[in-house]
């Protein structure tokens, strides 16, 4: 029902590689962070959120990453274990690196911002030594996210994981997840995003993220169709371009496109929308659903998470997602 | 009543230079931080705590420091302002530095630890350009703390402040406050601690901190009296050496020493004991009290703060301190 | 006569990108450098040597690179100009970087070593801003060399140049030129060498260099044919693997291989053999010669250069090369 | 005959600490370096030159420093040994650091410039571990030079050497030798120059160097007498301020000053004038000569060296210096 291929013989469904960190979400919302006095701690980081989301939906998952040797790192590991995510490839830094932090400010559902701590973080110290060819080839699919490309040696570790994935026909999902603060320049960012994207089967990002990748190469007439076509000439079979409030468009190599709608929600904050979308979307594609159905389930999952306080902890189980889909109606804008 | 001299004509009593940061104290105590889910935010950093403590006791205070250009930095500034501390010399970083963090773990009153975030912090970016000779000479006294010596350019800024203080007869208090994580090596630490201590009138530190300073110079027969004598041959007139549970000894240049006692307290955590001691001790010395009386008031202030949840926010007012002294009895060990 | 295509309409034959530096060759040879008292200055750097060599053979050439703003940088520019190499894309650093140096020690023809100065060198500061798509598309061919991949921002500049070359059908030669001292780790080196090689038409390197690229990917049964095949599955049409004294083998995508011989020479030093080989080899291929003929001319050029004191300055003109070929006989080993 | 005290019981006369590097002097003079084709190699670095100069005059000398593990480093060591300088405290770097280089350009006697290579140099990696208290106390005098203060860990090593020198009454000479390229900022430079100068017995520098040290402290009315007085209030007993062509003035703590004259010379280049002056000046003071006589001998030594091609290799022996003094007349300007 979709063009992506997943080898049913593999013991793992999805392995994610990259950032594991901590969100510290303001308990007192509706005000600037200057006036926030207490924070609640959650596991965070885009690939961590997505793998937690897919584990909740019933997938057999694993993570390749690096944790700080501190209380924050140990909390993250035990959280992954509680959700049944294989952490055998989650190693521990011994250089004194810290756990990345994201303090969230929730002034209003429309005004959310993040204060990041990304200096000397353990997740970017993942190295090529810690990438096992044998592990990667046991999985149907690999998920990478752009932040892991931001610095050496994590950048090289991701490129090595991509090489192993390609060699063993592991389908690769690339969640662009571009966060400017860990990158030195727009040009550096674009170079490595493009080199990675060349090797991926399914690329998911916002229009702005694709523009960032194309600007360096003097692409001026960027439209979604041209963007998708560019990647179809490489390895991609599915390209999803998100347009914020106006929904997403998925392009397939056969030239068709698919628009997703929205499930109206009581929005607490917008954080986590993309990660929850991605987890239900990937789960659905790997079940063999059509692209349209996968997008519908992605939107439903996003609706659930943005009405809750966290990203990771808020990820719905399969039962919750099904219940939501039965009792809520998708609204397709511009249809 | 003590050997330190303070010029009564100066408009400011005490100016502190150095670290301004954030404490995130575990709300759920009596457990490892892995199991702590929420944290409360306070202003932190040794010189910040001491200046807040002395301001609460009624002194005219100012601060020379550097804040991150973020919500944490703005919270710190407004907190200083609320306590009436002059923040005209508190400048703002524009390089993207962050606010230093200290997550506290309170397993039991005896087992407290701190998880520090000290990479790329704004306070260590204070530079010589931001040290005003004119401001320093308006103060009776200057307080420096060792963490500000840990890196350039803050290190040079402190040495320049010391030069201006000496030139204008501003009495200098040096709170050693040695925190290994921001230093590259023990030798580097000892070199700059010694160079700074040569220019100070009153040096306050633990036995371990003085040992660290002496080890580099092959001093092997370190006892308190020899340590104090070493600094009396430089500028010092008062040297306070702390011995943890067994109290502190203050040496004066006349060869006398003074032992402090302890006020029994219902201890919640040990953080903040040193800073609250220092603030009441300095306040008392600057009122013209004897060294013994200053030590008694320091101990009382420490007793109050270790029974409360924070360091800075817990600092007593003069009324609270007097009330405590009237209703509690000092216990002098080994007397 | 060979599989590489060159668009005859382009105004430039070959553009090189990368390292421009200085060789300081021992004047007193046959002794360790400790006993060498004087040195002679030459332009150096693999792509610089190759472009000088091809210019001498009559090609219309250009260079994309970055020079230090000092006397060494200005000497290099004037040397390029004297050989008629277009230097419009050779920019100047303004951050205080220096010109890379290579002091050569010539103990005997068999024992040559190099003492490199590669810290803070201008050539590795070439940035993506300094790569002109318009310039690259005016050339029939582009030459890259591995040292330019060693650090940011030069690494990203090379990847951008490769993208522009591919987009405009500029044939890319990749001279592996692996120099361990500018790289952080073998894994980092292999990742970027592989990513670059995927985009090249002709790859020239030693067996050891190809091994370095394959080790990271757990390739254990490396033989020349498998190595070549690996690159034919990407863009490559010609892969040259050098085996030191036993000569080189060139593989073409049609499955054939070609062995080069050697012209006996009165060897002064071995430096420059590879660069002089590459310049005559590339020149010959671009004239439409067969791979075998190109290899023969490469070997002849190498023979000339290793009998002279420098690399760059020693590059023969077309007349010198032709004269050498007429009066010398190639010896094909193992034939 | 002068105020400096030297303990006659010590086995060594003078130990220098700091920079050991290589000068590469243009062989073809009277032209810009762009047109210089060959260079001659010499030992260089201010303290190296001075210690070689004093060894040639017959003093028992030693050096505390760090060499690169390469041919340049080994050349320097054997050169020191040939002059009888004790190299037992000259250690070898094992981190891959290089030997500092200074290429000299001699356009005319009045227009000389230097192109420095000071990135990742071994001499600045001297660490506190490599400073022996026992060695320093065997010497009558210690020579430090400002460049060794430019970076950690060399900076801390020098401060430790100063502490040991003070403790054991080793007389300290401080040759300011300020070279902007190894320092991050003027303020950083001034802070450490001032901290070091406080501990020295004899300070030798140009008016510009003393200004650099005073600017940070808002000293605006700098004249030589005030400058000297400032250091007499610390440890200094002799302050020499150089005014380029108009000669030097030496101040002594008794309030007197002494002006040096010049010996007319056939100037080849101005490099090395200061170092040759310092070596003969220090030698003379340590022989017990008057300050005036020491200055006369310093000027004579400078005259000899600026007429020769190198700095270190050109240093006169005692016989050469005496012969020069007998056959040449000092000219005292403005007398």
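By written order: A, B, C and D. Residues from 1 in each chain.
One rule holds for everything that comes next: contacts are C-beta pairs under 8 Å (C-beta built on N, C-alpha and C of every residue); 3 or more make two chains touch, one makes a residue touch a chain.
The structure presented is a predicted model; accordingly, all values stated were derived computationally and were not measured.
Chemist: Smallest number of touch links from chain B to reach chain C?
Modeler: The fewest touching-chain steps linking chain B to chain C number 2.
Chemist: By that same contact rule, can you tell me which chains touch chain A and chain C alike?
Modeler: Where chain A and chain C might share a partner, there is none at all.
Chemist: Considering only mean CA positions as chain centres, point out the chain farthest from chain A.
Modeler: D
Chemist: Do the two copies chain A and chain B share over half of their interface residue numbers, or under half; same or different?
Modeler: Same, since over half the interface numbering is common to both chains.
Chemist: Roughly how many whole angstrom separate the Cα centroids of chain A and chain B?
Modeler: Taking the average C-alpha coordinate of chain A and of chain B, the gap between them is 44 Å.
Chemist: Just curious, how far off is chain D from chain A if you go by their C-alpha centres, in Å?
Modeler: Taking the mean C-alpha position of each chain, the two centres sit 61 Å apart.
Chemist: How many Å are there between the centre of chain B and the centre of chain D, using C-alpha atoms for each centre?
Modeler: Centre separation, chain B to chain D: 41 Å.
Chemist: Which chain B residues sit where two or more other chains touch them?
Modeler: Not one residue in chain B touches at least two other chains.
Chemist: Chains as vertices, touching pairs as edges: which of line, ring, star, complete or other describes this one?
Modeler: ring
Chemist: So which chains actually touch one another? I want all the pairs, not just one.
Modeler: All touching pairs, sorted by chain label, are A-B, A-C, B-D, C-D.
Chemist: Which positions of chain D touch chain B when the two form their complex?
Modeler: It comes out as residues 127-129, 133, 152-153, 156, 159-160, 163-164, 167, 184-185, 187-188, 191, 194-195, 216-218.
Chemist: Show me the residue ranges of chain B that touch chain A in the complex, using the header's touch definition.
Modeler: Per the stated touch rule, the residues are 24, 27, 32-41, 70-72, 74-75, 78, 96, 98, 101, 103, 105, 115, 117, 119-120, 181.
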